[in-house]
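Shared between the two complexes below is chain A, which has chain B as its partner in the first and chain C in the second.
For the complex of A and B:
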């Protein structure tokens, strides 16, 4: 879950990292008064979650209050990567002498946090790593042994930095390492971290990503920053259909019937589980089918949950048929899913036999499940029909 | 032979009185597992299908002697503590069933395990099965369903999806290919044991003649496997199935498991398939192609 720049900076400020004075503004008048309060040249930056602000012209410098107001008006409407600006950050402009890069993330192979540092900040770090490998250091550190500043010092020193700069950078980088672990982050980045002409250091821009699973453990911080539970902060904002899907999943705590992602096709999918859904979605597309949605059922959901998910998918305009498919199930009961989807069709005013293009869920309680499907005239198959072929049968019924 | 577990592997279940844990305890016992005890703090003195419940792992070890393994099925908030408890009581094989554990805690558990010379499978997995020997975890479901899908044989299976572990085993069984050991390794971004880390075990197991894996977008695990195979001149032919090909065009969106997200080029299925094929891994487009590919590779002798 990505933070906006102003939220990242609020977290940095809480930890006493050096930052320029700034204000979040939502109108030209506010931009004007922010300029006056800060007093002096400022930079205005669009507050979006996606990158590429500079390229899009959504970062501008202003030397007086009128210019700040005018820039606000021009920056706010700029859409970046399909995303509208939430607000604009007005920050004191700093005379920069040199830029540094520091980021901490997880290395899934080493299964440890990795600290990446460079004395060539401000530009694309991947590029620096390729062209100037001696100016980028990568340092893994422990997640259980006590953290100590020498790790930051070694990482900085490895790029050739020494003298006063080394001693001033070390506590900043060390603090970021602590922030990374303390808040269950998946990314803590400062780029650029700047040395100003007067020799002091300052955070110019920062990125924070918090692990979605850890949100519950950091409620106090999220409340403080005003980040509500409904903000998923995925690559794109959720559609109404997806929000309704999340509500279906929250109906009760039994199993999963959710993780709905909307697509613009006409074949509704009631599929599962994690890996099975990916496999089946590919299969439908390979057969030339157009999925109306992605979703996951698993962990033995209640009849009610399977029913509500079915109703939601059938409520989508243009969806006349659904395919109900899973891999061979272990802990999900076939009969419970069968009952749920049949009920969902009936309550949507549709005939299950015509609506359910195929039912392919083999495994626990399959005989009981198939009995229900026979009663309603629904086409079903067991494990002798592959996931791929089952998807093919469903797609064939649409053409 | 098999890897990780055998008929006589003695293990415990932590969180044994929870709904899921009760089910898996019954299913494992019916499949022949040797479960010597269970832990739920404050519930000492009860029993679950004849398995005595204790407050602490220490109490089981004191009464029944050292045990080899533990299946951990406790809520995410308490998982790290339960795993630390198992590790500090000398347990060497820990299967973590629980999902939704933040990466930091997973990393901490894995790091302590490596300091103690122990192995973690999972989190967010269904466990391990050596067909006709024993199973540890929910893999395969009820014993009757498990016996239908899994048969003893020569194929080692590793899968990032618990459900697809059974789908693949069932497909292999139908084609007359039994399995030595199947491991549901877990779907998170950081897991206790990756494909490449299990390879030396399969390599050393005389029963295993080939490997089938289920893989997904996200992470570097497939690249790590490809490197391992190249560097170690593995005797085992490997056939992989790659799911989630549609995700290549959907950067930053999370589908399926927590570890399944395309952030950079290396996370895409296209890139993973390229790397695996370069290392000599056969990549199947459909699950039902796996048995034929395995048979072909076995006939070719590698």
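For the complex of A and C:
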């Protein structure tokens, strides 16, 4: 779940990171007032969740109140990545001497957070990593052991930063590491983190993503920032299909059968289990299949939820077949899912035998599940068939 | 709508027993039984949710409840 820049900065301010004076404005008059309150040159920045604001012309500098109001009027209507601006942030313009980059994200392969630091901030970090690899450091750290500032100091020092800059940057980077862990973030980024002409440091732009599943645990913060439960904050607004999927999942408390993401392919996917969704989705694509959706099922959803999810997926135009596949399940019952998908096909007016391209859910109560599938003539397989091969069988049935 | 996969029948001799009705309503984790008008009735839309836990069988005299897997017939 993404935060707007002004929300990220509110969190940073709470943790005493150095920030310039700023105001969030929603009208030209407010922009004018903000300029006068801040006093002096300001920068106006469109508040959208997507990147590319500078390239889109949605970041502008103003030297007087009238200019600030005019820039507000020109910035607000700019649509970036299909997204309209929520508001505009007016912030004091800072005399920058040097820009740095710092970000913490999760490294799935290392199964640990990774701190990325560069003394060449303000530009695309991937480009810096390619052209000036000696100016980028990557440092993994534990999310379990106590944090120590020396980790931040080593990461900064690895790019050649030393002396006063090193000493002043360390507490800022260290605080960002703590924020990342304390709020269950998937990304905490400051770019640029600037050294001003007077030698002080300041956060010029910040970006935060919170793990969506962690929202409940941080309700107080989200309330404080005014982020409502209805705000999904995904990279794009949810489609009608995705909204319907969320409704299916909310029908009762039992398990998960939803979290759908819409794609434009023709193979419906009822997939899940311990990372199985991602693996299976990739496997389908590797075999040349075109998924109609991504989804997650698990935690033993009710028959009704599995049924409604199946009906929803089959309601997509062009979707004639679904693949029902999971990793080996222990707390989800195979027979319950089998009942749900078979019933979903029947209530959609389709023959389960012709509609379910493959059923590959091994695990708890699989013998009972297989009885149901045999009764309805559905092709199924057990754990002796890999998820990859099962995906291949499903894709083959479409050609 | 009757179940597609599961059917449950109740013997007439317990169908009007209010105490058993309450017990069945309490033990079934998926709401297949509802105490009603001094007896018990089957909530048909929940039949396919049956988890085959046998709690209803344990809560009633032997043979008075029958759970049938329709997919085995």
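What we mean here is this: the second predicted complex is superposed on the first by the 248 of 399 C-alpha atoms of A that agree within 3 Å, B and C clash if a C-alpha of one lies under 4 Å from a C-alpha of the other, contacts with A are read in each partner's own complex, and residues count from 1 in each chain.
The criterion applied here is as follows: contacts are C-beta pairs under 8 Å (C-beta built on N, C-alpha and C of every residue); 3 or more make two chains touch, one makes a residue touch a chain.
If you're wondering where the values come from, they're calculated on a predicted model, not measured in any experiment.
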Between chain B (first) and chain C (second), which, if any, makes contact with A:65: first, second, both or neither?
-> neither
When the two structures are overlaid on chain A, which partner does A:112 contact: first (chain B), second (chain C), both, or neither?
-> first
In the overlay, answer first, second, both or neither for which of chain B and chain C A:277 touches.
-> first
With the two complexes superposed on chain A, say which partner A:303 touches: chain B (first), chain C (second), both, or neither.
-> second
When the two structures are overlaid on chain A, which partner does A:331 contact: first (chain B), second (chain C), both, or neither?
-> first
Which partner does A:246 reach: the first (chain B), the second (chain C), both, or neither?
-> neither
Which of the two partners, first being chain B and second being chain C, lies in contact with A:184: first, second, both, or neither?
-> first
Of the two partners chain B and chain C, indicate the one touching more residues belonging to chain A.
-> B
Based on the superposed arrangement, let me know which partner A:371 touches: chain B (first), chain C (second), both, or neither?
-> second
Okay, in this complex, where on chain B does chain A touch?
-> 20, 23, 76, 100-104, 106-108, 110-112, 126, 138-142, 145-146, 149, 159-164, 166-167, 170-171, 174, 187, 189-190, 194, 214, 216, 219-221, 224, 241, 243-247, 250-260, 285-288
Contact set on chain A toward chain C in their complex | 302-304, 333, 336, 339, 342-343, 346, 368, 371-372, 375-376
Using the touch rule from the top, collect the residues of chain C that touch chain A in their complex.
-> 4-5, 30, 48-49, 51-52, 69, 71-72
Enumerate the contact residues on chain A facing chain B in the complex.
-> 106, 108-109, 111-113, 142-144, 181, 184, 186, 211-214, 217, 234-236, 259, 261, 272-279, 281-283, 285-286, 294, 296, 298, 326-331, 362-364, 383-384, 386-389
